[in-house]
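Each of the next two complexes has subunit A plus one other chain: subunit B in the first, subunit C in the second.
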Partner chain A sequence: MTALRRLRPPDPAVLGRDLLRWGSAVVIGLAGFAFFVAAVGADPFEALSAMWRAAVVDPIGPGEVLVYAAPVILAALAVAIPARAGLWNLGGEGQITMGVVGATVASHMIPSSLDSWAALPLLAVGAAIAGAIWCGIAAVLRVSVNLNEAISSLLLSYVALRVLDYLVNGPWKDPGSLGIPQAEPLPASQQLPLLDWLPVFGGGRLHAGILVAVLALAVVLFASRRTVWGFRLRVVGGNPEAARRAGLPVKQLIITAMLAGGAIAGLAGFVQLTGVEGAAKGGIAGVYGFLGFLVSWLGRHDPVAILIGAVVVGGIAVGGDALQIDAGLPAASINILLALLLLAVLGRRGRARGAEG
Partner chain B sequence: MIEAVLAGAVRGGSSILFAALGETVSERAGVINLSTEGSMLTGALAAYVVAVETGNAWLGALAGAAAGATLAALHGAMVVWRGANQLATGIVVLFLALGVTALLGRDYVGVGVEGFDRWAVPGLSDIPFVGTILFNQDPLTYLALIAAPLVWLLLYRTRPGLFVRAAGERGEVLFAAGHSPRLVRFGAVTFGGLLAGIGGAQLSTALALNWSENMVAGRGFVAVALVIFAGWNPLGALVGALFFGGVESLQLQLQAQGVSVPADLLNALPYLATLTVLVVLSRKRLHAAPEGLARVFEISR
Partner chain C sequence: MTPTERTAFTPMRVIRTLAALTAALTLAVAAAGCGDDETSGSTDTGAAASGEKTKVGFIYVGPKDDFGYNQAAFEGSEAAAAELGNIELLQAESVPEDAGVERVMERMISQGAKVLFPTSYGYLKYAEAVAAKHPDVVVVHQGGLESKPGAPNFGTYFGTVYEPVYLAGIAAGKATKTNKLGYIVAFPIPQTLANVNAFELGAKSVNPKATTTVVFTASWCDPGKQAQAATALISQKVDVLTQHQDCTKTIIETAERAGVSSVGYHYDASSLAPKGWLTGSEWNWGPMYTDIITTALEGKFEGSPYDGDYRVGLQTGDNPFVQSPFGPGVDDATKAEIETAKAKLADTGIFTGPLKDQSGKEVVPAGKTLTYDEVEQMNFLVEGVVGNIPK
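The block that comes next holds the complex of A and B.
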């Protein structure tokens, strides 16, 4: 029954219910957030209006939102593809981090004579391969010794973070960075161009990373809805035993789904490296993996819902920056708003699912 | 040197041990709590704030326990009564903890605290080697070491422990016997958060004597991994936590001795070791898993 429903596109009634659910969640989130801000003696209305100004009113606000949304979209797709096959990819942070490593390795291998934007795709390929390998380890462990991929990918994340820390503290350390552990900055030709020409969004930090994300989203949308592979993934996700009996190559599908997810997470690392940071450094993956996981899960792993969710999360993240700059509150405080909002949605979803049995 | 490493292993591993014991109880009841990390964070901050304001580290530890339990209760309520997905809820609750502790803790960054002093156990601490390692620690570390066998006794030799295990294996049986599996699960998750909260208190008021944003830095996730590593056995969690603390301590000692080691790579060792053990023992471990837990991982929607 559920498997059948998954094969159908979402109908408008469900969409309307989702909108209502999100609307009430926003109210709950904002109220709870205001409460906590007031608890430390800050003015909640001032904080909220600073966030609104930063994300919407400020001329570079909408662009900033997309700067944050791009890695979230990619990280969410990295969760969504394996999820179609019934797999949990909880290792987004690690795959993003390895994407940064892979792109930097590619950058080192490119001869300096290739000083054009032709180098950028090579960095992207390096990032995708590294991310895919990292996620692939979890996939192989799953099909060979039946080790749960949620646990293994999560553990592998911490390994990846240490690997990058080691590289930027040691072999890759930029002697000119005055003790700050980071690699040498990429040459200008290996950084994503700014989208200055774009109306409304351009003008600030907005770079071509959002195009990478939207392109990946379109590819995933097509692959999952219009290809045999996408259909088979959903069959495996719906009932692996039935898929096996129907003669589908279940192990192969599991591995390819995880490889694809890891590659896309690697691209998130590529986007952050070449679009935002400009040099490999520790902590570059932030919590984008977890954010992507939540966005994908709440959007039922649907690419369109992921796009909407990522923009919402991006807006909240921009608000977090504003909190720090304008209201003097830690940027991480914004997680309160995000978490309460998501809890409200999760709670309502839970009840609805409970009723379904 | 070996003495110092092992003493550091016990001291550094005890916060993880508390959290792993808590998560063992929670998972035995069939609920995985990825926000163990969050409970440690709220516990660390609450303990720190109360210890700073009252000057009493014990009151701080109590507050840490309460804060960790409160956060876990939120997770428990969501997954037990609202039927929310366990993994997703855990991460959301963790985000809540990250935000709340960053905001409420901002005025306590860099503020000094009179935390727990080390208590040398009279007589025992004079035993060469063993004395330094085991009997010259902070009180919360002693508590952690005692808690491991106590949690084992609780789970395997008491009625509440039987209920917890029944709730994790076959909730229907518990229901048929006239008890509420939901209430038992909720209680187990909350109790798990309480222990993780004490672990956080050990971190901020006994080990680091300091509060900083996101200071738990992944120890809660290590604890979750250790529970599986240990096959859902509290005594195995003791071994795992000491191993993890040992690697951390070895690395600090090597650095202090001026030995050049790639500290970051050494840091990855405990995660790799956990992964390796999981791979080697995966078949056996899967049999040891509470049945209710297996279901959590099977359904991703």
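The block that comes next holds the complex of A and C.
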């Protein structure tokens, strides 16, 4: 056990350095953005302060940031766990979508009179199973025919989107929706409660999904740092051949890592379905799968860095509304800001890595 | 990186790093938040202060320069603001049809908006949710139907889009040489089905052999899918293309390049197709927006015609959806025929029985004309339309 603990990755140090790089990169990115804003003839000061007001000062701002961050955290964890074993899960969007499908199937299987405390976990289980199956397909293809899991998981996303489109246009279509392809709304007992009693964050749409995300994050933190499974995943990620020669069940580890990632992505679908939309519909996975991938890689798959990264991304998204509404900038400016921040973070990290090497 | 390298971690180092980060963020925040007090102060005083402009919010699903639905609505908002003078517009474009639009509406309200125009079909349930939370703000949804019983601060409005589309169908029916018209549609909702039917009926009224082939793209604006659909239709010998899409540029340009005719929708895009442009239909939202805003700001919204499902057309004489200018391919005889049909429509309406659906089943009996409300429930395609409603 002592040996294990010594080998345990000292993530806090990495995290500390990452935080510093994130912080300085945010400042550099914002400065670059200010030049862009000035170039299109708007006041950069007003633009940035409008973002700040929307995300932080506005009474519902902080809550909205967490509403946005919850699925990003889960989608990022879905990338981080397989990444520990050296695997690329690019199928977040599809697994989130299948999570929505799984939760809706679970909703159809239980009586609508069932109380929330029993119904919601059942929907979550349905979502996790469906997400795990979807990611599991890529894992099985990887260990059986050595098909690259990055490609298969990415392509499976398109299949998942079609599956949901079919369901909401056909068997599940709500006759009351006047042509909008979406399923019938879930009963109130199957929707996540609002956290409107919370100070600072309450009052808006903040729902219990952020608690699901934080709980999942805690479980992943524990599993990756304190369990033999988490340790073995890192060994496989470090050198799969060495792991195999050391007698580790590599195939089994690959499959379980992908299943765990898929299950957590499925939970992101559960959170969006039961906390935000209340009914299955196309496009519900949004860009969360993509953002989760970015956040996980920027945070080096560290759960705590993922938490911070997801909140930053949520803040940028919520603040981005204000760029249009308050400052009158075009809608695309938020993408420019996000791109500048990413480049700045990657640039800082590249330099740091070069210095270390 | 070996594990031993990484154990260089000490609590002191983390604390130092965190302190540095906090300092950096505080600086950034202080810089960003500087103008804060003045700005939020001025919002708090609201419209009560003299000379303060009243804020009105507009939300669009696509870009406001799309040569289509969103540009028409955007220009309508500007026209209304110019007309009213004391209005400040809050604009948000490219907002997807999901719960995120609630956040955008909430932001506009916290910025002091008194009237909100969420202008896309899929915003309906979110707009209703926001209206329920903010009884002091008037929310009017473009194109939807309110759930009953409706909220006193919520309503929907639209023109009868299928009337000018019927007239454009006449131009198309006259222009086609292959007797094949193409209609590229976003979603199979009652509004779009009514348009396809009106187009086919208009074409058939002057050319009994004309058929309309319909393709659904499942997106309000996906230029890739639009180009694909347009190319496929042209290869099937379709020689007049029209559409029910938010952005119209791609299809009209594709048609022009292929040398086939095009009929516009939402916006006058004749400049994109100097040769093939026949006609089209476009929005003139300014007057209706102006009237809705005036009604709301005078506190007379509740109980007004807008507090419900407000629909106007040729039969009421003030359709905000009007015909676009004719292109060079439309001769004077056709123009005269369209004028005659227009006068007749104002009298009788378009969907007059006997009307058969694609399977030959009679859906509107002889002697009956569908009312505006009934057209809003349309779920069939008429005889002569090729292609199915996606199930």
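Here, the second predicted complex is superposed on the first by the 297 of 357 C-alpha atoms of A that agree within 3 Å, B and C clash if a C-alpha of one lies under 4 Å from a C-alpha of the other, contacts with A are read in each partner's own complex, and residues count from 1 in each chain.
Here is the rule we use: a residue touches a chain if its C-beta (ideal position, glycine included) is under 8 Å from a C-beta of that chain, and two chains touch if they have at least 3 such contacts.
All values derive from a computational prediction rather than experimental measurement.
Legend: residue contacts after superposition of the two complexes on their common chain; A:98 is shown touching neither subunit B nor subunit C. In the superposed model, A:342 lies in contact with subunit B only, and not with subunit C. Judged by the touch definition given at the top, the superposed model places A:14 against subunit C, while subunit B stays out of reach.
In the superposition on chain A, A:141 contacts subunit B only, with no contact to subunit C. By the document's definition of touching, neither partner reaches A:255: not subunit B, not subunit C.
Once the two complexes are overlaid on the shared chain, A:213 sits clear of subunit B and of subunit C alike.
In the overlay built on the shared chain, the residue A:165 is in contact with subunit B and with subunit C.
In the superposition on chain A, A:186 makes contact with neither subunit B nor subunit C. By the touch criterion defined above, A:277 reaches subunit C but does not reach subunit B.
Shared contact residues of subunit A with subunit B and subunit C: 6, 165, 169-170, 330-332.
On the side of subunit C, the complex with subunit A involves touching residues 1, 3, 6-9, 13-14, 17-18, 20-21, 24-25, 27-29, 31-36, 39-40, 57, 63, 90-100, 102-104, 106-108, 110-111, 121-122, 124, 144-145, 187-192, 218, 390-391. Here subunit A touches subunit C in the complex through residues 6-7, 9-10, 12-17, 19-20, 22-24, 26-27, 30, 45-46, 48-54, 57-60, 64, 67, 165, 169-170, 178-181, 204-205, 276-277, 281-284, 286, 318, 321-322, 324-326, 328, 330-332, 356, going by the rule given at the top. Residues of subunit B that touch subunit A in their complex: 74, 78-79, 82-85, 87-89, 91-96, 98-100, 102-104, 106-107, 213-214, 218, 221-222, 224-225, 228, 262, 264-265, 267-268, 271-272, 274-275, 278-279, 282-283, 286, 297-301. Listing the residues of subunit A that touch subunit B in their complex gives 2, 6, 36-37, 39-40, 83, 86-88, 90, 141, 145-148, 150-152, 154-156, 158-159, 162-163, 165-166, 169-170, 237, 287, 290, 293-294, 297-298, 300-301, 329-340, 342-343, 346-347, 349-351, 353-354.
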